[in-house]
Each structure stands twice: as structure tokens, then as C-alpha cells.
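After this come two complexes, each holding chain A, first together with chain B and then together with chain C.
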Partner chain A sequence: MLKQQIGVEFKQIFTFNRVLTWFLIITLPVWIQYLIIHDGYSFTDNIDLYGRLLNGIGAMIFPILVLFVFADTIIHERNNNYLTYTKIRIDFNTYLNAKIMVNALLSFGVSFLYAFLPFLFAQYINPQVTFISKVGVSGNLHGTVTFDQLLVFGPFVYGFIYSLWVGINGVLYATLPLILCLILDNSFVALSIPFVWYQGMSFVSAVLGISKFAPLYTVFPYSIMQQKLWTVFVPFTILLITAIVSYVYLKKRNSTEWSF
Partner chain B sequence: MSLIEVRNVQKSYKGLTIFQDIDLTIEKGKIYGIVGPNGSGKSVLFKLICGFVRPDHGEILIGGEYLHKDITFPKNFGIIIDRPGYLGNKTGFGNLKSLAMIQNKIDDEQIIKTMNLVGLQPTAEQKVRKYSLGMKQKLALAQAFMENQEVLILDEPFNALDFESVEKLRSLLLNFKKEGKTIIMTSHNQEDIDLLCDEVYRINKFKLEEL
Partner chain C sequence: MVILRSLINELLQLRWIILGFVIFIFCFGIRKTIIESNASVNAWDLLITLLSDVNLIIYFVLPFLLYFNVTFLVKDFEYHLLIRLGSYKKWVLMASKKILMFLALTIIVWLLVAFIMTIGFPFANEWSSGSNLLEPTAIMRQYFDFPILALIYQIGMFFITTLIILASVTTIYVFLQSWRWISFVVAILYIFSFVSWKLFPENLAKLSLSNYVAMFQTLNLWKTTFTIPLIAIFSLGLIYLALQFKDGKQIVSFTAFQTGIAVYLSVLVLGTYFMADSRSNTVIDLFLLNFFGTSSAGYTLLSYMYYIVVFFGFLYLAQVYLAREFSELSYYKIIRYTSMFKWMGEWFRNILLMAIMYLIFIFILTLTVAYFKGMEFSLRVTVVEDMNFASLLYHFFINGLLQISIYLLLLITLQIVLKSSSTNLVTIGIFIALLFPGYKYIPVGLNGYSHLIYGTSPMTISLYLILIVLVEGICIFYLLNKKYVFEGV
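Presenting the complex of A and B:
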């Protein structure tokens, strides 16, 4: 039944509007950043250019972007009482798990591409076609931000692994609101919590002088000095535990009764 | 064997008693009416039978199987509970198709047939968020009927329907009964209850009493 429902969710989500939304999520923030930096900025190397491309509006609102990959569908289902009519057709846990899995796969794919396509552009396409010319002219050395440690394995491994990291974070930031939507009465609050965490904790950690643990900088580390790689797992782990606890609570609560 | 058995069920919400030791036996092929004032617990009774809420005490059997022990939700039930449910950004057909895909028991032809049966146009491009209340109610009826379920649990099925649609629905429900389906319904209109129901129960002071 789970496999069947995953198939159903995939069939339903692949609409023109949804695919267009994914396309815009992947390309629009980077395109805006490109327009800002393509003229008048200089970069130490391709990786520096890549960091600048990613470190724009998209990085600021990343938890909001990933919401619109799939997780927002559950809000309509809940608010319009549609979920009630699924309950008589499928076990709730199966339905929830299918939603979470499809959400995870799609948000991973979109988030990965969001990070990986600009890498391909900066590392392989731009040097060939030269959309942005002032690369390699600035005096700074590369290897100054977190994840640059991976460059010892070569730029492709760096770009791939870092994009995987952004993809995994996309999964987490998309999964938590989906679960919270089914726990909290107020959908707006449920959807806002991951973003408030992302921005709010970044502010708090800056005030406390521990910016290396800022959620924003652990996903997009281009505005902070290089930190040890383990630091990126701190906010990630907190969010992961929150998501797991929320999931367990939701399942436990709905094993007694539905409250939405 | 009874189709549905409610045995000694108690239910309360946040200290507010809804039911005290109620019993109800539903036999196949009949229409049952549940009446009672607003807030008396008609919808809660339906949610209990559908497995959406658990009784504090007592048990519910569906086709001889214990709800929450042998099964998590009853099979072959078509329901309307509380209010219609829909995806506002889809057409009526799209909504029914989305629900039908979950169990994959029926094809598009069956959906179209059911939409025509309740008075909805299957080819209409109108999104459901633009539907009138009556049209949303018809959509809710269509989702309850489309999979040819054996049991229909209908909470206020005549809500928001015009006179002609009410007449049509009454006749439809009587036909379903002839086909052997079991229907449990509520209505605030006594005429609906008198005309359709074989047995009627009233919720009174947390109990179910047969009228």
C-alpha cells in the first residue's frame, strides 16, 4: 500500500505549475544573484564565484523555498478537510509515510540541483563561455570558507558533496513543516517554525558569539570564516531530533485519535 | 452476524461527556437514522464507527472484526462526516480521481458515472474552490458513492441541496438500499428521516434510544 501511495503522490504532483515552481526555485535566486554580481565583481577562482552565486536571497529564504517543493500540499488537504476522506481509504500512517517520502525525495532533488547547477556553471561552463570574466583576478586565496576542506579531493567532489549537504538540509527543512502542519492548529505557525529557527537562531548565535553554529551559515557558509566541518552538524542534529520527535508524537497521537 | 456493533461505548472530550455506555447494532441492507440536537454527538458517533476516534471504553466491531485491534479503519465504507472535503485547486473530476487513485478500485468511467448520478458535470473545468456549497456537497456525495461501497455513513447528506437534488438523492438512497447497501445517516429534516429510515435512534442524555 505504501508503494502504491508513493506512486499516487508522484503522479499527482507532476503538474505543469508544480514543475515550473521547481524550476523557479532552482534557477531564480541564482539568476538574481548572477545579475547582481556578473558585472563589477571579481573572484579569486571558480569556487569563489560559486559561493557568491549561492550566497544571495535564496540562501536567506532557503526554508521557505523548499516548502513549495511539495510540503505545502498537506496544508490544503488539512484545511479543506480533504484528509478526512483519505482516512477511510488508507491507513493514516501509510499515507503520512508516503507523503514524507515523496516530500523527502523531491525536496532533496530540488535542493541538490539548487546547489549543484550553479557549481557546474561556475566550475565548468563559465570558464569555457566566460559569462563572468573577472575570475582569478582577486588576490585572496581560496579555501577560506567551511567545506573548502573538501577541495583537496578535487573541485568536482567538493561540489558534489556540498550539494548533497544542501540537499539533505532541504529534506529536513521541508519535512519538519509537513509534520508540524498535522500537529499544530495554526498552519502559518507550523510553516514558519523552520524559517524562524533558521533566521532566529542565526541571529541569536551571532549575538552569543557562536556564529559557527548559525543554521544559515552551516548550510550556506559563505559569510563566515572557515570552521571545522563538525560544526555544521550541530544545528542540523537539533533540527533532525526535533523532526523525529514531532513525527513520533504525531504517530502516537493519531494512534488514539485524529484531531484534524 | 451484524454488520456493525457498538458495545458499551463511552466517550468524552476534555471532561465533557458525549456517550455513556451506548449500544448499537447495524444490520445489512437497512437505512438507519440518527437524530439529536446540535452538539449531541452524531458526528462523534460516526467518527467512532469509522475509527477516527477511539472510545474511552467499550468496543466497536465491523463485520466481526474489532476496530483498532483487527483493523485500523473499516473497509468498504463511503462517508460524509462534518463537511465536504476537497482540493480547491483541482476540478471536481480531479478531486474524485485523487481519492480514487488511493485504492485504485475504479476507473475514470465509474467516476464520470457517479458525477452524473449526483448532478455534477464531469468535464467542467471549474476548480472546486469556486464551487457553491451545494456543488461541494454533491462532490462529497460522489466521493462517498463512487467506489460502490457496502456501507454509507452520511452526516447531513441533504445539506445545501436544492429541492430537486434532495428528491434525486432520496430516490438514490432508496435504490442503494434495494441493492443491499447499508446506510446510516443524520438529518435535521424529519421528512428525510421518516421517508427513508427503517430504524431511527435518538441521542438523548449521552445515550442512544430507539424511536
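Presenting the complex of A and C:
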């Protein structure tokens, strides 16, 4: 039943517009960043170039980007009373779980590629083809940002694990609005809560002087000094707990009353 | 006349006669001591001394008030009355009104007796030379220019203190609902009042009740005239919360939107407070650094984030309001207005008013933070070489308002065209992205001070912003004229 439903969801989501959206999410922010930095900037090494490519407007609006991978479809289903009629045809828990799984898979894929493709470009393609030439000239010091501790295992492991981390965060930032959208009345507020958290907490922790716990810097740590690796799990855990609690609440509420 | 007659009738009752008699005897003693000391005091000194005598208050006035309070609490607390009033809170309110009358009569009797005592003393509207010899007036004259103000202050504050004590007893009675227990509580209170006065050591003086009924003691203790009002506000709040709890109501009830606004404002206050660092020496420095914003020439990440929180936070709340306005839109609603423009004018005016008030709010907030951080209130600038104060204000208010209206108009345009609230989140995201330094001639973040610092004239910015507002206005005019709002709904 769940497998079948997941298949249905996948079939529905693979439209031309969707795939185009995914493509734009993966490429557009990095491309804009590339246009800004491709001349006039110089870099220490490939990893420094990678950081510069990833940090920028994409990092600022990351929760909005992953929202449009899959989660925004729930609004249309909710607004047009589609969900109310779905409940009499299928077990709602199965439906919800299928949605969450597909959302998690797709948003993981997109955010992983969002982080991994620039890495491949910076580490392997650019040295061969030389789009950006001033690499290894000057600039920042080696190993100055948080995930650089992983560089001892070689650049590929670093890129892969860091991209996994961005992917997992993408899953969280995409799953939370999906669940909240079924809990809260106002869909705009529900969709925007993760983004407001991302921006608001980054600001609050910055002014309080604890920016090592800012949600922005734990996903894209290119604007602060190198921190211990465990710090990145603090906002992540808070968000994870929020997501789990709201999921349990939704399940509990749906077992007693069936209304949206 | 009726009021006067009923007042006289009331005062002829036994309890007031007893009260008057006791106060009379007591005051006579004090008068005699003052006359025997041969000090050159006037009538005001005597009045203030008589009305703020701790002996009289603790040993006689306070027990008198407590006794009558308890008698009518026990008498009036009946279920018929409670049912008619509907809640405990209203009952306490009603009881407080009675207490108020009772207290007013007590003070009237007291004042009458005290005025009788002043026969033979000279009246003059200034402090007498002998007032330094009496302890109450010696302290009072440091805080008040005229003795009549001191007298009014003493009476008013005594009124508030006793009212709070009696209202607290009433509230406790609502919880206990037994005359035995309330007598016990009142007895404890009474014992506490004179134990705290006679036996408490110096370091516990702030807990002593006697220091709050005579104002010269309170002034001596706290060195400010605002002590009693602050305590009053705090205790009334506690009484209110306790009664809400007793009535089984939610202690505070906000809508989600109001909670959001409250959270946002607290983040703003917190942020503004901690943003103000040692780099800024004067108020103008603080404004320049806080509202630096971004420009292609330079930025700091903190100012970028502060701009996002201040302006896009407001935009976000406005969008929540807008989404509701648009979701309620229907043909039935629109036929009540003669045109689409009247419909839009109705709420757009509100939002613009809110924007103006918001700008004034953050202006005052920044000034307050500057005050608390001990910054210098002058027109001096230390972070940059030269800055014209008038253009600074102009840039903050006029360009700020124009910039906010550009954001709002763009949001409205997209709301009309795309009809989905989730796309407006994208719009805010795009604003944030465009605010990132590195782009030129984009009407986002032009009200940051960085543009002024890097040499753009505020008038040029205004002209450019007005141009954009006009273009967006024409777009909205066209869309509303075509009634595009209803297509595809």
C-alpha cells in the first residue's frame, strides 16, 4: 500500500515544470554567485573557491529553495479540499507517510546535488578547463571554516560528507513546512516558519555573540571562524525535535478527529 | 445637597465618631508636644505630621480598616450576589468600590480632625523654618517644593497602599471563603505590621510594612517618589492574574497573529539592544551603524541581517495580514465597495499608517537603546567624517517609507497576479537575495545609510524610489482595472 502510494506520488511529481524547478534550484544561485566572483576574486585553493560558490544568496534563502522541491504541492491539496476527499479513499497515515518519504527523498537529492555539483566543478572540472584562473594565488588561509576538519580524509570525502550534511538539512527544512501545513490554519505562516527560524535565529545568535549556533552558519559555515564539529548539531537537533513533535501531534490529532 | 446630607448621615454613625474621637485624642497629644517644643512651624507641618504618624496608622487606622473590611467581606460574600455578578473578578471589583468609599470616609474624618488641630497655626504656602525640626517634613521638603504637594502625595499614596492591602485581603478571601481563616490571615497581617515596624533589623527595612504607609519613610528608604505607584501596578497585576486563575480563565489570550507580533517586537528590541556596541559614541553613530544596510561599496553581515529583520520582518507581518484580506475576497465583498480602488484604498491606507508608526517605533526604540547604553545625545558624528543631520532624518523617514511602499506594492502586484501566498515567500526571498551586495540600481535596500555614507544624495534616492512607486502604481491600477483579481479564482 505504502509502496504503491509512493509510486503514485513520484508519478505525479515528475512533470516538466517540476524538473525545471529542480534544475533552477540547483544551478541558478550558484550560477549567479559564479557571475559575481568569476573575475576580480582570487582563491587559496579549490576548496576556497567551492566555499565562495556556495555561500551567497543561495545560502541566505536555502529553506525557501528546498520548499519548492515538493512541499508546496500540499497547499493546493489543502486549499481545494482535496485532502478531505482523499481520506475516504485511502488510509491517511499511509498517504501522509508516502508524502513525507517522497518529499524527503527528493529534497535530499536536490540539496545534495545543490552542494555536490559545485564541489565537482571546483575540485575536478575547473582545474582541467580553467573557468576561474586565480586559484592558488592568494586569499584566505587554509582550513579556516568548520567542515575543513574533514579534509584530512582527502577532498572527495570532504565534499561528499559535507554535501550529505547539506542534503540532510534540506530534508529537515522541507519536511517541517509539509507537516506544519497540515497542522496550522494559515498556510503562508506554516510554509514560512522554517525560513523565519533560519533568518531570525541567525540574527539573534549573531547579536548575542553565539553565531556558532546560528542555523545559517551550521549549514553554510563560510562566514565565521572554524568551530568544533559538534556545534553544527545544536540547531539541527532543535529543528529535528520540532519536526518529530509536530509529526506525532499530527498523527495523534488525526486518529481522533479528521479535519483540516 | 443630597450627597452632603447622606455624607453627614453616614459620618454620624458610631464607627466614624469613635474613629474621629480616637484620632482627636491622639492628635491633641502630638499638637501639645509640638507647641511645647516652641518650634516656628506652620499649619502644613502639623497636617503632614499628623497624617503620616506611624503610631496612629499601625495601632489604630489599619486595624480599624481591616476589621470593617473583614466584616463586610463575610456579610457580602453570598451566592445570589456572585451569580448576578457572574465572576469572582467582578465581585472583587464591587468589594473594592466599597473599600474605596470606606477609605475615603476614613481620610475625610482624619483630615477634618487634623484641620481642627491647625487652629491657631499660621497658614503659608511654603515650608516653614521650623519644618526641619520635625522628621516627616524634614524629609518631605527635600522632594517637594510646596507643603501642599507633600500633603497630597502623602494622602494619595496612603490611599493606594491601604487599598492594595485591603484588595489583597479581599482576593485571599475569595480563595479561602471562610471567616475563620480570613480572621487568621488578617491577624497575621496585623501582627506582621507591628512586628516588622518594631523588631525588624535595619537590613530588612525594605520588607517592613510600616515603611510604606508613611511616605517620608518610603522616600527615605528608596529615594524616589515612584516606589508606591510601581508596587501598586505590580500588585494589581498579581491580583488580576490570581483572579483570572480563580475564575478558571486563560491568564492571557492572544491570537496567533498577536503572538507573532509580540515575538517579533521582542526580537527587535533584543537585537537593537545588542547591536549597539562600543563603536558608536553618539546617537547618530548608532543610527548610521544600525541602519547601515548594504550597498555595492561595502557592508557587514550583521547590518545585512539587521536590515532583513527590521524591514523584511515588517513586510512578512504585512504579508500575513494581506493574505487574510485576499483570501476573504469575493464578489459579495466587492459589491459593497463602489470600485476595486476603494477596496484597496481601505486596507492599503491601514498598512501605510502601520508602516509610518513602525518607522516612528524603531526610531524611538533606537533612541531609547542609545539612552540606556549611555551614549552621547548630540549631533556629533564619529564613525564618518561628515553627515548632515537633516538629510539623515529625511533619509530615515521619507526614503524608509518609500522603500517600504515599494516592497508592499510589489507584494500586492504578485499576490494579484499569482494568487498564491507561497509565492510571496519567494518574493521576500528574492528581496533578501537582491539585498546582497553586488548589484546596482535595484530598488531594494536603498534606505540603508550606506548609500548616504558612500556619497549618494538622499534626494536622488527619493526621486528614484518615487519613480519605482509610480511604475508599480500604474501596474496595480491596470490589474485592478481589468479585475484580474477574479480571473481563475
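As a convention for this text, the second predicted complex is superposed on the first by the 258 of 260 C-alpha atoms of A that agree within 3 Å, B and C clash if a C-alpha of one lies under 4 Å from a C-alpha of the other, contacts with A are read in each partner's own complex, and residues count from 1 in each chain.
FYI, a contact is a pair of C-beta atoms (placed from the backbone, for glycine too) under 8 Å apart; a residue touches a chain by one contact, two chains touch by 3 or more.
Keep in mind that what you see is a predicted model, and the values were worked out from it rather than measured.
Asks: Put the two structures on top of each other at chain A: do chain B and chain C fit, or clash?
Replies: By the criteria stated at the top, chain C and chain B fit after superposition, with no clash.
Asks: Using the touch criterion from the header, give the chain among chain B and chain C with more contacted residues in chain A.
Replies: After superposition, C is the partner touching more of chain A.
Asks: Where does A:75 make contact in the superposed view: on chain B (first), on chain C (second), on both, or on neither?
Replies: Only chain C is touched by A:75; chain B is not.
Asks: When the two structures are overlaid on chain A, which partner does A:11 contact: first (chain B), second (chain C), both, or neither?
Replies: The answer is first: A:11 touches chain B but not chain C.
Asks: Which of the two partners, first being chain B and second being chain C, lies in contact with A:187: first, second, both, or neither?
Replies: Second partner only, chain C.
Asks: First (chain B), second (chain C), both or neither: which does A:89 touch?
Replies: So A:89 only meets chain B here.
Asks: What is the C-alpha-centre angle with chain A at the apex and chain B, chain C at the ends, nearest 10 degrees?
Replies: 80
Asks: Kindly classify A:196 by the partners it touches after superposition: chain B alone (first), chain C alone (second), both, or neither?
Replies: After superposition on chain A, A:196 lies in contact with chain C alone.
Asks: Taking the superposition as given, tell me the minimum C-alpha spacing from chain B to chain C, whole angstrom.
Replies: So the smallest C-alpha to C-alpha spacing between these two chains is 5 Å.
Asks: Residue by residue on chain A, keep only those touching chain B in one complex and chain C in the other, then list them.
Replies: none
Asks: Which positions of chain A touch chain C when the two form their complex?
Replies: So the residues of chain A touching chain C come out as 29, 36, 56-57, 60-61, 64, 67-68, 72, 75, 184, 186-189, 191-192, 195-196, 199-200, 202-204, 206-209, 223.
Asks: Where on chain A does chain B make contact in their complex?
Replies: Contacts found on chain A: 4-5, 8, 11-12, 76-77, 80-92, 256-258.
Asks: Flag every residue of chain C that touches chain A in the complex, lowest number first.
Replies: 256, 260, 267, 270-271, 274-275, 301-302, 305-306, 308-309, 312-313, 316, 319-320, 323-324, 420-422, 424-426, 429-430, 432-433, 436, 438
Asks: Under the definition above, what is the set of chain B residues touching chain A in their complex?
Replies: It comes out as residues 47, 50, 52-54, 72-74, 77-79, 81-89, 95, 98-99, 101-104, 140, 143.
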